[in-house]
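Both complexes below contain chain A, partnered by chain B and then by chain C.
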Partner chain A sequence: MYYLDLLMIGLVWGCTYAMMALGLTLVYGLLRILHVAQATVFTLGAYAGLLVANATGSLALAFVAAIVSSCVVGVLIYRWVYEPVLDKPPFVPLVASIGLLIAMEDGFRLIFGPYGLSFTSNPWFATMVGFGGIQINLVQAVLVITAVVSIGVLGWVASSTRLGVGLRATVTDPAMAESFGVNRVQVRTATFLVASALAGVSGLLVGMLNNLVEPGMGGLIAYKGLAIIVLGGLGSVSGTLLASVLFGLIESFGTVMLDQVMDRDAVAFLFMLLMLLIRPQGLLGKGR
Partner chain B sequence: MDYYLSVATFAALHIILAVGLNLVMGFCGQVSLGHAAFYGVGAYASAMLSVAGWPFPVAMLGGMLAAGLLGVITGLAALRFREDFLAIATMAIGFIFVGTARKLAWLGGEMGISKIPSPLSKHEYAWLAMAAAVLLIIFSLHVRRSWMGRAFSGVAQDEVQAQTIGIDIAGYKIAAFFLATASAGFAGGLYAHMTQLIVPDAFGFVVSISILAMVVIGGVGSTLGVATGAVVLTLLPEVFRIINDYKLLVYGGMLLGVMMFSPQGLAGLLSQCVQAMRRRKEAA
Partner chain C sequence: MKTLFTRRLLIATAALACLSGYAQAQNIRIGFQVPLTGPAASDGKTALQGAQLAVEQINAAGGIKGRSLELVALDDQTQPAQAVPIANKFIGDGIKAVISGSYSGPTRAAAGVFQEAKIPYISAYAIHPDIVRAGNYVFRTSFMGEVQGRAAAKLIADIMKKKRVTMINVNNDFGQALSAGMKEAAPKMGLQLVSEYNFGMGDRQFGSIVASVKKDDPEVIYVSGYFFNGGPLVAQLRAAGVTAPIVGTEGFDTVNFVQIAKEAAEGVIITTSLDRDTTDPTMRKFIDDYKKRFNVGAEMVAASTHTAVNVLAEAIRKVGIDDSAKLRDAIGATKNLSSAVGTITFNNSREVYKAAQIQVIKGGEFKRFAVIDDPVLLAPPNY
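Take a look at the complex of A and B:
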């Protein structure tokens, strides 16, 4: 029973990581940027959702607020921060992204206070659903369903719509795609819209899951998201999904088993390092 | 007086850390997001040796070697992971170090190591730190102009080409990591003995990013620029007390601003000004 619970917790976290890491891997595939500042978008989505939920009492409006605010900020980050430095060496956008994240985390702290905010009413948190003898709360269930549905929809978009074909073409050969009439900036903007919406929604869901939204909630998840896309084989979508679930499970079991030795974050990163030593190109990455 | 001494000591420690990181990042082009871990390993190793009764010089040497050893392992990893992979791998090392130090009972857990014997006076620490910082700056300036420095920049610019003209990439990468991390270990040892108390959080990700900020704001690759960056970022929160409350906001904003407008940092800005003035002189 205990192990089943651990399994569930691991899967829920795996789905959260998957939603974050999917956006990161899309951005990396397109621009070769490690989009650390995605954490800002995640935290912003959580705050926007929480404020709207507490003001109106409507969860639907909260999700709308989370998606809209994170999309706007995500696209602005692309336009204002990444677009001007794309031709610079790779450390430039990376450091700019880290700088933005650190500054924004401190900004959230100054505006909303260091201790975080809670939902005045969090109905999904209190509702339990059971299946097959396991009890989980509705937030966890919604998180898993959202992750599965959004990844499924994205997979369909990528494989069978014009936008998806344009995206895949731009990833493979930007110059060739452009000469066939794919608008590069449009594709990039669309990618940031999708990545940011996913981050904002998962931010709000994680906020509901912990019943706490705090300034630093995004940082670690984004760092782990980066570890996940590296482990998955940079740019490989299926590798990223596999690595996300593995990460969630390793964390949830490893934390319990190695409690005397290291904390949860160390377990996850150690796992990543060990896997990379065995497969430096990542789980499903192509050899270079 | 004590206050100025401690600020000067910290400025010197930061110079050691930043100039050390610049050896790897500026000269060899290997981004490290976990430099504070080596600082921490040096601090923990030397503190434990001191607590176990070994004399101060042995403890310092032990700290340097422990950090350098981990650095060599990281260098070996850098042979397998390139660029983005390496940045994330070094970040991972930082998190693993802090996460392990927090939980392992024999490393003191969250409480860290306290009652570390302190053999020197505050003045002596300050002089020792400043002497080490100056030595490292001289060494770094010299390396830049030596055969080793040229090999380093070959590794940074084009590994494949460097290899074809017979540069031992593996050896130079590992050497750069050893030098950088051993000097961070020295700084860690000094810090541990001076404060007599170390906790895991003093070597976390934020510290790594602060060191990175010193390098980047000073100017990646320029030894004197990086040293200036370290001093400026140490003094800034001290001079403007109000910044202390918004330290991360300022650091983050500066990182972002420098990357957006002058990726070569203060040093780059200065050399641009000098060039512009020269051109104006020539035109006149």
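Take a look at the complex of A and C:
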């Protein structure tokens, strides 16, 4: 039972990472940008959702607020921060992205104060759901379901719709795709919309799990997300999902088995280092 | 016309320069190292407010021999790497005495710099033993971590009458110092440490640890760490159906802890330095004045920085601020000073003895649970 519990917790953590890392890997595949500033979107989604939930008492409206605000800001980041520097060497958008993350972290601190905010009422956290003898709370259950459903839908969109074909074509050869009538800007905007919505929702869910939304909450998960997409094999969607779940599991078991030696984050990054020594191209990346 | 304007501007600038120079000569400037950004920014804000209140009270009462105190605050971002350059900035700016309103990591890093420069340095609430061991210019007006850990052991064994303890520690200077004290005192008190888990300061999700605690089924859970770890941890423990009493540390001594943990915070007991139900006039005055000035309840962090400023101010009143060796000796000679955290006296190792305040959360507020006043158990070490 104990190990089943740990397995479940690892899965929940893995789903959180998957929701962040999926967006990162899509953006990387499309633009070759390491979108560190997605953490800002994650934090923003959490703040927007919390403020709306506390003001209206409605969790449905909170999710709407999280999605809308993160989509708007995500697309603005693309239009205002990345688009002007796309023709520059890759470190330029990366530095812009890191700069934005740091600036926004202190922006949140200035606007919402350093103490962090909590939900006045957090009903999902207190509601336990059980199956097969394992108990998790409703936030964790929603997290897993959201991750699985959104990844499933995205997989279907990518394989079976015109937008998906356009996306894949743009990833493979942007110039050729454009000459076949794929609107490059539209594809990129759609990608940022999806990535940001996922980040915003996971931000709100993590905020509910912690019952704490704080300015710096996105920083760690952003860097972990980067580690995951590197481990997955940059740009490989299935590799990213696999790496996310592996990361979650390694952390959930590592936290209690290696905790005398290193903490959760150290366990995760050590695992990444070891894996990259063995498979430098990532889990499912193609060798170069 | 233009030259006339320039000349006026010059005169005005010169006058301003003189004025500010005059003000600087008049004010007694003390340095205040504090995390205003970064992960501990919230405790930093509270720490700064406690120190500000002390300075305002001293100045309202006529200052020190007619000169006003002035607090010069610099942000260390809770980072040891940042603490060293700002320590050097204090020194470069001619500051003659500095208080740390920060956590153990950065305070420990800066302590060596101030010792080297022979500048008296007081740690207000950073509890790692090595801070004061940096040398004879470094003081601490709060518990050492070990001492607070010992107080928790006595609380669990003698007052709560429990035996089997699981420890959950934050894996930094703060948590290590506390768990060292607990481990040292536990066998003497007849406590049995059934398990121990560690987490990082950035952790907010403790699923694995919660599952493990459930499996270990201890009688008491002892948690070090800060409110931003402890709030989510306590909530997650209670949500998972763990009902064993939880004993925390001064890291939980803030209303933010209650806001995060909500109902789960009820009944959590902490070892700290601030007694909300005190009848001691100095402590009472601090609690009431703080509430009046900032419109929020006082917290341990604020009481500690308030105390450190007063210790320093008393010493400056006796010997001035210019001779650092004299100032150091005057701080060290502090005896029976009544302060916001109780009556304090330094020992030869520049540490203080004071009673441990045990508070419990009831109805969302900190209330007195017990006071452990045991000069032998809680004696700071002499080395």
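We take it that the second predicted complex is superposed on the first by the 288 of 288 C-alpha atoms of A that agree within 3 Å, B and C clash if a C-alpha of one lies under 4 Å from a C-alpha of the other, contacts with A are read in each partner's own complex, and residues count from 1 in each chain.
Everything below uses one rule, namely that contacts are C-beta pairs under 8 Å (C-beta built on N, C-alpha and C of every residue); 3 or more make two chains touch, one makes a residue touch a chain.
These figures come from a predicted structure and were not determined experimentally.
Novice: Between chain B and chain C, positioned on chain A by superposition, is the outcome a clash or a fit?
Specialist: Clash - chain B and chain C, as placed by superposing on chain A, overlap.
Novice: Have a look at where A:Gly116 lands relative to chain B and chain C in the superposition and call it first, second, both or neither.
Specialist: In the superposed model, A:Gly116 contacts chain C only, not chain B.
Novice: Answer with first, second, both or neither: which of chain B and chain C does A:Asp106 touch in the superposed model?
Specialist: In the superposition, A:Asp106 touches chain B and chain C alike.
Novice: Quick one: is A:Asp265 in contact with chain B, with chain C, with both, or with neither? Answer first, second, both or neither.
Specialist: In the superposition, A:Asp265 contacts both chain B and chain C.
Novice: A:Asn211 in the overlay: touching chain B, chain C, both, or neither? Say first, second, both or neither.
Specialist: second
Novice: Looking at the overlay, what does A:Thr255 touch: chain B (first), chain C (second), both, or neither?
Specialist: In the superposed model, A:Thr255 contacts chain C only, not chain B.
Novice: Share the list of chain A residues that count as touching for chain B in one structure and for chain C in the other.
Specialist: Touching chain B in the first complex and chain C in the second, residues 106, 259-260, 263-266 of chain A appear in both lists.
Novice: Provide the residue numbers of chain A that touch chain C in the complex, in ascending order.
Specialist: By the definition above, chain A touches chain C via 2, 5-6, 9, 12-13, 106, 109, 113-116, 118, 122, 125-126, 128, 135, 137, 206, 209-212, 214-217, 220, 251-253, 255-256, 259-260, 263-266.
Novice: Can you tell me which positions in chain A touch chain B when the two form their complex?
Specialist: 28, 32, 34, 81, 84-85, 88-96, 98-107, 110, 223, 226-227, 230, 234, 258-267, 269-270, 272-273, 276-277, 280
Novice: Applying the document's contact rule, which stretches of chain B touch chain A when the two form their complex?
Specialist: Checking each residue of chain B against chain A gives 25, 31, 33, 77, 80-81, 83-85, 87-89, 91-93, 95-100, 102-105, 205-206, 209, 212-213, 216, 220, 246-249, 251-257, 259-260, 263.
Novice: Within the complex, which stretch of chain C touches chain A?
Specialist: Going by the criterion above, the answer is residues 36-39, 41-42, 44-45, 171, 196-200, 202-205, 207-209, 211-212, 214-215, 228, 231-232, 235, 239-241, 256, 259-262.
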